[in-house]
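Please find one structure pasted underneath; my questions will follow.
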Amino acid sequence: MNSLIPYKRSVYYYETDKMGIMHHSNYIRIFEETRVDFLVQAGMPFEQIEAQGVLMPVLSVECRYKHPLRFGDMLEVRPHITKFNGTTLHVSYEIHNSETGELCAEGSSSHCFTDTNMKPIRTKKNYPDIYKVFADYIVQ
Amino acid sequence: MNSLIPYKRSVYYYETDKMGIMHHSNYIRIFEETRVDFLVQAGMPFEQIEAQGVLMPVLSVECRYKHPLRFGDMLEVRPHITKFNGTTLHVSYEIHNSETGELCAEGSSSHCFTDTNMKPIRTKKNYPDIYKVFADYIVQ
Amino acid sequence: MNSLIPYKRSVYYYETDKMGIMHHSNYIRIFEETRVDFLVQAGMPFEQIEAQGVLMPVLSVECRYKHPLRFGDMLEVRPHITKFNGTTLHVSYEIHNSETGELCAEGSSSHCFTDTNMKPIRTKKNYPDIYKVFADYIVQ
Amino acid sequence: MNSLIPYKRSVYYYETDKMGIMHHSNYIRIFEETRVDFLVQAGMPFEQIEAQGVLMPVLSVECRYKHPLRFGDMLEVRPHITKFNGTTLHVSYEIHNSETGELCAEGSSSHCFTDTNMKPIRTKKNYPDIYKVFADYIVQ
């Protein structure tokens, strides 16, 4: 996972709320952007996974907010695959402010793999290419 | 159209931005909520239209902002079907602050009707029930 | 908390994603809507809290997804104040599909209380009215 | 304006709707992202404008949808300042699919300049630096 380039973008104006900070729900969306970016870097864009009829619904998310991000702040996220057994995936995230280095939020998400009818599938046997992408990046 | 009950809801916290007002993009979403509510009132919920394989993609939207809405404000929208010929639909909207009566925004959207492959369809001939819903409410 | 009317609304079209279900990030927003509705029911609308210079930033959120909600589904949320000591607040949520009764998601959020400079405050001493609202509804 | 680098980013998963395309409301948000990017390129980031106590509320927006964008598509926007007199600003936008070159949407927004109490201000006299930024980029 060390070889991954952190996902970066700045905070959009419409992501702020009347407290003047990025609304807390948007961090969950940034986790998703980070997963999408990871898959591009790993050579298996999410579009390719879906093109094979495989969906990755979210089973759970959680986020702890440490320091607010504000409009225009550049954020930087490092994803870590903490668990993966071919049927369930756990990813953790650390969102930093790129300029200050400050840890702004940390969280995680878990996912299963299903066909387009939302029936669970085992990637190891049936989709070895998809399996390999995640297995290769498990944090030791 | 006079028989329609205006669509009402309050402004959510996450819809505000750092100016302390509802972000302008959300009015476009409220137009959509208003169309959905109109169809429920007209006896043809949008789910029923989609269940027949008919989509209503948006061709255009426009909105003019008159007075800001803030967190917790109750808004009230009246939709008007200004044009409809079975293939294209024009709807206009007036968003008022329910408490003050003030006009906060006015706008419009236009739509076509397509099958699930995004091919245009004529509702008058092929979906007379859908046609009737909109035709009945054209503003004279 | 039994005296509270559950918070209800239907799923908006723009809340769905290409899987055809409500995007998982929106549940976090519904938790917020539910807190806002609770405060209205408890007689202390959030606007009144902010008018006193008190903010309630989110410290953490988590959500477990059990069953998808789709466009037009009516959802129903029951909030529970599980912990409150005047400086930190824990709320849990159960989102059900109103028609089927099915549990769709459950989660929680934690919050602190700050002044407008984001400095923590103790509500018990300085804002007894705010303190009382939450204390009255702690789940026994 | 020819010297500007077009604003680019890919479509996020959460921006899609159940039709499988980017929801139409998000184009209005992309217009805002484009304005913010323009100001960075022009050497006067929006944060610097707000730091001087100047706000730029949106007076109107409109968008015409030509061709859908889908999850993962790279989009590219060129902004054009079509009118500016120091008190009102008109910007037009063309959103293209970067890979195919296809025009996906075109639209515009208009803005005024106000102080933090939402009172209109004239930039030419009172904020010549802000005035210059926009005046320099008016499309001839």
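Letters A, B, C and D mark the chains as written, and numbering starts fresh at 1 in each.
Throughout what follows, a contact is a pair of C-beta atoms (placed from the backbone, for glycine too) under 8 Å apart; a residue touches a chain by one contact, two chains touch by 3 or more.
In this text the structure is predicted, and so the values were computed from the model without any measurement.
Undergrad: Average the CA atoms of each chain to get its centre, and name the chain whose centre is farthest from that of subunit A.
TA: Relative to subunit A, the chain whose C-alpha centre sits farthest away is B.
Undergrad: Tell me which has more C-beta contacts between its two chains, C-D or A-D.
TA: A-D
Undergrad: Find the geometric centre of each of subunit C and subunit D from their Cα atoms only, then give the gap between the two centres in Å, rounded to an integer.
TA: Whole-Å distance between the two chain centres: 34.
Undergrad: Express in whole angstrom the distance between the two chain centres, defined as the mean CA positions of subunit A and subunit C.
TA: Whole-Å distance between the two chain centres: 25.
Undergrad: CA centre of subunit A versus CA centre of subunit D: separation in Å?
TA: Computed value for the inter-centroid distance: 28 Å.
Undergrad: For subunit D, write out the residues touching at least two other chains, lowest number first.
TA: Within subunit D, residues 13-14, 25, 29, 32, 71 contact more than one other chain.
Undergrad: Would you mind writing out the residues of subunit D in touch with subunit A in their complex?
TA: Residues 9, 12-14, 29, 32-33, 36, 45-47, 71-72 of subunit D touch subunit A in their complex.
Undergrad: Note which residues of subunit C are touching subunit A in the complex, please.
TA: Within the complex, subunit C touches subunit A at residues 19, 24-26, 28-29, 32, 55, 57-65, 68, 118.
Undergrad: Any idea which subunit B residues touch subunit A in the complex?
TA: Residues in contact with subunit A: 13-14, 16-18, 20, 23, 25, 70-71.
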